[in-house]
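The next part holds the structures, each set out as structure tokens.
Across the two complexes that follow, subunit A remains constant while its partner is subunit B and subsequently subunit C.
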Partner chain A sequence: MGPLTKVPAPTLVIKYEGIFDFEGLYKTLVSWFIDQGYRFEELSLKHKVPSLAGTELEYIWFAWRRHNEYTKFCVDMIFKLYDAKDLDVIKDGKKKRLTKARILCEFHGYLELDYSKRFGGNKFLQGLNKFLQYQILMKPMEGVIGSMWWDELYYRTLKLHAVIKEYLALEAKGNAYFDMW
Partner chain B sequence: MVERETVIDKLRLTYEGLFVATDLYQMIDNWFRQKAYDKRENKNIEKVTPDGKYIEIELEPWKKITDYARIVIKIRLIMNDVKEIEMEKDGLKVRMNQGKVHVVMDSYLETDYENRWEGSPVFYFIRVIFDKFIFKPLTGGWKSEVVHDTNHLYGQIRSFLNLYKFSTETFTAPRPQYNAP
Partner chain C sequence: MLKHKYEGKDQVVVANWRLKYKDYHHLKNLYTTMHEWLVEEGWASRSDPDFPEDYFVMREKPHEGGNEVWWWWTVKKTPVDKGGQNSYYQWVMDINVHVILLKDVEVIHEGQKFKTNWGEPEIKAEARLIMDKDDVWKKHPLLKYFNTIVHKRILLEKFQAQELELYRECYRFQEAIKTWLQMKTWLPEPELGKFWPEKGLGSVQ
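This part shows the complex of A and B:
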């Protein structure tokens, strides 16, 4: 078993069907990542030819942030909209464009270890990396390499999850673990 | 591999009437936080249908007991035909939900969740011997904790939904185990 490069956190999923402000949601997500010090990249955007049911859109986003010299927090996000249709709604006397769609939102958070490849050079350095991971970082950290960082990454991703739930005004919103990190 | 033993299997609760969906979710979330569980939200689905909202939430938080064992409570909340209504209570207008709630709870005791004892057949053999003969009183205690936590949460949900008056049954002991002849 060689040194690890990725330590994944559980995937978080939100599915929603209804009317919402997609533009606002997009901006909220991007600003959350920027506020938290992440670099945000939109890896792909697919837009299928609209059918009678509506448009299908797929966004793949990747956000990362250097946590320390050795660890990087990464979040892969897949955001899909099915049967999306724009609607004009009058709210408080103002016309607003909203979207009616089905959403599938998945977050895959993971820790990237030795992201700068400092230990990637020769066999000795790779062995040193393995020793660092399995003998030094693992022991006080309950069996998972880098679990204290993992914990932080996971609870931060949960916060993002809560932000989306709040934005969509889901009934199951709120996060009792808001003060974890 | 992690050994997962089912301690409570499909403990169900059905309710139809008035409730506040957000408060129910937050009560469960807070309960897990207070009992030092780590949060895990597998699913969060919400759909707006003509009959009301359909909400499905699956939580699977876990709590470490030792480096060897941990408790996992899986709770599935399915809410159907959830409508928002306004009520007058003590002269104040209160927003509530009306609909059907179905709760399904499963509890597990997971052992060797760090996969430390699966390296070789000898390790596995030692682990089985320890589990069967040496750790047996300990495992019994852990199972009681699983049962206690699950019942407590179940009671909290029931009291939240004001169902206590309809209930006479209690769950106080783990399921008896039958050895095959």
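This part shows the complex of A and C:
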């Protein structure tokens, strides 16, 4: 077994059907990443009108942040809208454009180790990397390499999950781990 | 001998994205908007013979649902430093556009009839940061031994700053196209504003 390059965190999913402010949600998500110091990349976006039921939109995002010289926090995110239709709604006497759609949102967070390839050169460096990972970074009973960074990544991704739940005013909004990191 | 255009170059892909849109749009105006943005931002010259269009093809296949258009651009920019143009780094952006199912249609927009297109354009962009663009360090008898350590260690901050700048530039280009296609954007300021009529129609009011 060679040195690891990726340590994944559990995937988080949100599904929602209803009326919401899509523009607001989109900007909130992007600003969350930017405020947290991530580099945000919109890798792919698709816009299709497959039927009269509405538009289908797919966004594939990737955000990353250098945590230290060895570790990078990465979040892959898929954001899909099905049957999206714009609606004009009067709220507090003001006309507002909202969207009615089904949303599917998935986050895959992971740690990228040795992203600068400092230990990628020769067999000796690779062995050193493996020693660092399995003897120093992996603590007994934890079973995850770089668990102190992994924890931070996971709790931060949970916060993003909570931001969406809050924005969509879901019944299960809130985050039991809001005080972590 | 055939070889890849980036073979032997010290380069890193800084940003790459893909945009697919299947709906009404005016293809000629989309082409113009993309061209104008690149010219305005210093990626290409306004002179048509110098514009780096590597490939353009249009296949007329009406029996298969519509025409097919391809165009490939490789645009380059030399970043500007405090001391003038940077001689070590170069920004390169490969832009590939592929349109399928392209049809001429007429639409009623704000009570007026317009000729436009319906189809599925797919736009791909890949931004690369090229180091030692003229191979000055690589060919130098002494400097060639220090090239890697200089750009990966000693000038690391400069390299990361260049990377960030290029990433921003590449996404500003995406923003310009998304603004034109009336898609949701996320940068604080929309690119190009509304100067180029969105989807080629804009507002006739």
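Quick note on the criterion: the second predicted complex is superposed on the first by the 178 of 181 C-alpha atoms of A that agree within 3 Å, B and C clash if a C-alpha of one lies under 4 Å from a C-alpha of the other, contacts with A are read in each partner's own complex, and residues count from 1 in each chain.
The rule is simple: a residue touches a chain if its C-beta (ideal position, glycine included) is under 8 Å from a C-beta of that chain, and two chains touch if they have at least 3 such contacts.
Given the structure is predicted, the values throughout are model-derived calculations rather than measurements.
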For A:I136, is the partner it touches subunit B (first), subunit C (second), both, or none of the two (neither)?
-> neither
First (subunit B), second (subunit C), both or neither touched by A:F22 | second
Comparing subunit C with subunit B, which touches more residues belonging to subunit A?
-> B
Applying the touch criterion given at the start, work out whether A:V89 contacts subunit B, subunit C, both or neither, answering first, second, both or neither.
-> neither
Touching partner for A:A53 - first (subunit B), second (subunit C), both, neither | neither
After lining up the shared chain so the two structures overlap, which partner does A:N175 touch, if you call subunit B first and subunit C second: first, second, both or neither?
-> first
Seen from subunit A, its contact residues with subunit C in the complex are 22-23, 26-27, 30-31, 39-49
Seen from subunit C, its contact residues with subunit A in the complex are 15-23, 120, 164, 167, 171, 174, 178, 181, 183-184, 186
Residue numbers on subunit A that touch subunit B, as the complex places them = 10, 12-19, 102, 142-144, 155, 158, 161, 165, 168, 170-177
Within the complex, subunit A is touched by subunit B residues 21-22, 25-26, 29-30, 32-33, 39-48, 53, 55, 57, 64, 67, 77, 79, 82, 97, 113-116
